[in-house]
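Please see the structure below; I have some questions.
Letters A, B and C name the chains as they come in the text, with residue numbers starting at 1 for each one.
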Amino acid sequence: MEFTVQQIAELLQGTIEGNDQAKVSSLGKIEEAQAGALAFLSNAKYEPYLYTTGASAVIVSDKLELKKPVAASLIRVSDPYSSFSKLLSYYQNALLASKTGLEEPCFMGKGSTIGEGHYRGAFSYIGHNCTIGNNVRIFPQVYIGDNVTIGDNTTLFAGSKLYSNTVIGANCTIHAGVVIGSDGFGFAPQPDGSYQTVPQIGNVVLEDNISIGANTTIDCATMGSTIIREGTKIDNLVQIAHNVDVGRHTVIAAQSGISGSSKVGNHCVIAGQVGIVGHITLADKTTVGAQSGVSKSVTKSGTIIQGSPAFDYKQNLKAIAVFRNLPELQRELDFLKESNRNQSEIRDIK
Amino acid sequence: MEFTVQQIAELLQGTIEGNDQAKVSSLGKIEEAQAGALAFLSNAKYEPYLYTTGASAVIVSDKLELKKPVAASLIRVSDPYSSFSKLLSYYQNALLASKTGLEEPCFMGKGSTIGEGHYRGAFSYIGHNCTIGNNVRIFPQVYIGDNVTIGDNTTLFAGSKLYSNTVIGANCTIHAGVVIGSDGFGFAPQPDGSYQTVPQIGNVVLEDNISIGANTTIDCATMGSTIIREGTKIDNLVQIAHNVDVGRHTVIAAQSGISGSSKVGNHCVIAGQVGIVGHITLADKTTVGAQSGVSKSVTKSGTIIQGSPAFDYKQNLKAIAVFRNLPELQRELDFLKESNRNQSEIRDIK
Amino acid sequence: MEFTVQQIAELLQGTIEGNDQAKVSSLGKIEEAQAGALAFLSNAKYEPYLYTTGASAVIVSDKLELKKPVAASLIRVSDPYSSFSKLLSYYQNALLASKTGLEEPCFMGKGSTIGEGHYRGAFSYIGHNCTIGNNVRIFPQVYIGDNVTIGDNTTLFAGSKLYSNTVIGANCTIHAGVVIGSDGFGFAPQPDGSYQTVPQIGNVVLEDNISIGANTTIDCATMGSTIIREGTKIDNLVQIAHNVDVGRHTVIAAQSGISGSSKVGNHCVIAGQVGIVGHITLADKTTVGAQSGVSKSVTKSGTIIQGSPAFDYKQNLKAIAVFRNLPELQRELDFLKESNRNQSEIRDIK
């Protein structure tokens, strides 16, 4: 895709300085961009690059005063960063939209329907009695079991897998290798020390505007539903166990795990490699620091915790500072004990 | 699938109170169930729901004395929970059993055989010289390499992958995205600082009645076999390295990892996000708490450890209690040092 | 594949003792090997097995003096271990090389080219405008997006997935279930508490001689490239976030995660389950102990750190030793406080 500076300026409602017929075909960082690229300047720290950049065009603030001549065409806007983000979105959406139609072979079972504007990649599989909305993009090798419902404008990347009875809302992005609806880890210990499987017959429900990162796994409920609520974003390699309920607009970073039946509130931030035990509740706006192990419910909104096991993050920071100094602390204590003994001896002598 | 209350009562050898021709087509929780659902009452805490439930039928204890009239049909049995579990198993098995036959296209190499009652989903791949038992269910996009052996009644969910020479027993469940038999992480450092690959030519052996959770990875042995023994249950996103040997009836929760050549005993419980270093042995019935890092062998059966690095879990709990109080402990120590100095000065003055 | 002892001796330039026409068809450990297997003896500790092994042939040192008669044929070489490793490599390469040609159905988009000697497994997918070198092995159900470049002799195992614009060098090994090029986890918080997706339009570049373990995920850059440099080896279930740059000949063990924009140097060793925060730099030859959380840059080459948060590993070891003893330390401190109070009282009385 190639555009003139004029076309982009019109899209962004910006004004042009320099050659309005210069052509750009890619987006780049101002410090690295080559001819044919469009860059942006938002942070003043990067201004020196403006005078040396190889980019053919740069989006700049309409308030910027040039200190030297600039070779690139300039597009002046009120907020260069958000204008550039807008372009990035256009670009990514255009790429996705270019995927349409059906690649053979692919499989669709009896009783399944799919809306307009869809893409079904080769080797993708749709089971029986599925209801799939408009503009849904199903990349190659995706697996969709039976009785699955998917809302409009949702994208399933290559090889993602939805077990039967999964419900996915609109505008969701499911990345490659994601598994949704696998059996919860439920096994009842028997008198002979073996384990009997507890059947898992529930499902997973994802509401709208959800993003699930590559190779993340979300187990179905034992009965009822494992739920991820509206707008929540989950990173790669995260584990969500059976009957978990994650609230709205919560973010969960990579490699974290939430154990069975726990409930995470709205607007929470769970950093990377966090573990949350089963059957607890985190209040809205809870923040959990990286690598923490959360073993108890958090009842107060806005709480920040850290550590394994996790507690108040400021106290944890202070405790860690002393922890690092423990060998010195031990020495001081030993010294005190020794001097105490000496004093006792002195007193005894007296 | 729709059943009458009478059919279900016969199956469970229960007695009916109310309409024996009422129809049920789903299973639900007593507090949420709607018309057409069958629920159960086991925990006395939930008895109030019995009088308000929307369920068409409820399984109850034959000893229960009703305090109010109940709209639902009742099926009385000696143990409602295990009767309900039995139904859940019937239900899940019936769902699996409904998957039979062959969906096109799918691939089977030369010299491979598969027993009766199987399901081979579309885009599934079976390599050369494989021996696959009866009633094996191979979901879409499963990959089975060459010379693989699979026992009766085993289910491989969508997109699970078995490298060549893998051996899987009977009654195993392999969830979506599982990788079995990938190369062990073996690289020999060279004088120039680069690494040379140590070929991994062993395989993975899973005995009978094993469950492997979604996106878990089990590496093949360098030589010989990585072994998971009978009845063991492994959760999602677990890493089992080359030449590991996991005993019988052990459970390993999500996101744990076991490093090369380590040996985990029978009837062990490994909680979530645990790491176990290489070349150690855990005795039978070892329990490892969540997020622990096990760096040494455990020789005594029944040991419970926790922490990173892990040690006796009670001592760990006590140490953690003091850890949280470290800033206060530091203050007390500083105070003692100060008062000690003062005393010394007092003595000096005297 | 079956060989005579003579053929193997010629390959290894060794001398034979015993039957030079004995046939071997597998490789095994000296303590377990059966008839038809070839084993080796390198570590003197295993010498007793030489006299009892079931192996048909054993590779031994040309300096070894036999203490008893040996049933197996012997192949004498200067370094049995490296000779055996050589055989393992031959064996593994021969297995890979036996995979050639095209299995139907498989998919290749417009404008894509692939070199000589390739293998394309059934249900593998190659998008549009890809450039794929010679002797590339693409196992079943592999997904390769559009505009992807792959160097010579690279192997992609079953179900690995490369998003569009990925660049892979020569002699790389990508294991089953790996995802390369998924969107970085970038979401901008909005005034209403929701998150807006930050488009991720960069790619992933893997240089030559890289190995990526099963189900590992590597996100594309927001702009520019996420880079893994020459010779680096990454284990299973590792997470590499957007814009990360991992240096040459670095090893990263299973289940570790590196957050966005961090830079890991050359010749580093990252143990298992390590977390590295975003936007930091680790100097060359940094070693990070298992389960560590790295929260700050490491500036000095050769630094070894451990702990969560990580610091000098020796200091960490000492601090942990005191940590385990904290309850005792608390008791001692309490005793000192008590005795201090008593002394004060004694002084007061005086």
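Simple rule for what comes next: a residue touches a chain if its C-beta (ideal position, glycine included) is under 8 Å from a C-beta of that chain, and two chains touch if they have at least 3 such contacts.
Each chain and its UniProt protein: A, B, C = UDP-3-O-acylglucosamine N-acyltransferase.
Computed from a predicted model, the values in this text were never measured in an experiment.
Colleague: Quick check of your reading of the touch definition: is the inter-chain graph here a line, ring, star, complete or other?
Modeller: complete
Colleague: Does the subunit B and subunit C pair touch with the same residues on each side or with different residues, judged by whether over half of the numbers are shared?
Modeller: Different, since under half the interface numbering is common to both chains.
Colleague: I'd like to verify one number: the distance from the centre of subunit B to the centre of subunit C, where each centre is the average of its C-alpha atoms, in whole angstrom.
Modeller: A distance of 25 Å separates the two centres.
Colleague: If I count partner chains per residue in subunit B, which residues reach a count of at least 2?
Modeller: Subunit B, residues with two or more chain partners: 105, 123, 141, 159, 177, 215, 237, 255, 273, 291, 308, 323, 325-326, 329, 333, 336, 340, 343.
Colleague: With touch defined as at the start, can you tell me which subunit A residues reach subunit B in the complex?
Modeller: 105, 107, 123, 125, 141, 143, 145, 159, 161, 163-164, 177, 179, 182-183, 185, 187-188, 193-195, 197-201, 215, 217, 219, 223-224, 237, 239, 241, 255, 257, 259, 273, 275, 277, 291, 293, 308-309, 311, 315, 318-319, 321-323, 325-326, 329, 332-333, 336, 339-340, 343, 346
Colleague: So in the complex, which bits of subunit A are touching subunit C?
Modeller: Interface residues on the subunit A side: 27-29, 32, 85, 88-89, 91-92, 95, 103, 105, 121-123, 139-141, 157-159, 173, 175-177, 209, 211, 213-215, 231, 233, 235-237, 249, 251, 253-255, 266-267, 272-273, 290-291, 308, 320, 323-327, 329-330, 333, 336-337, 340, 343, 347.
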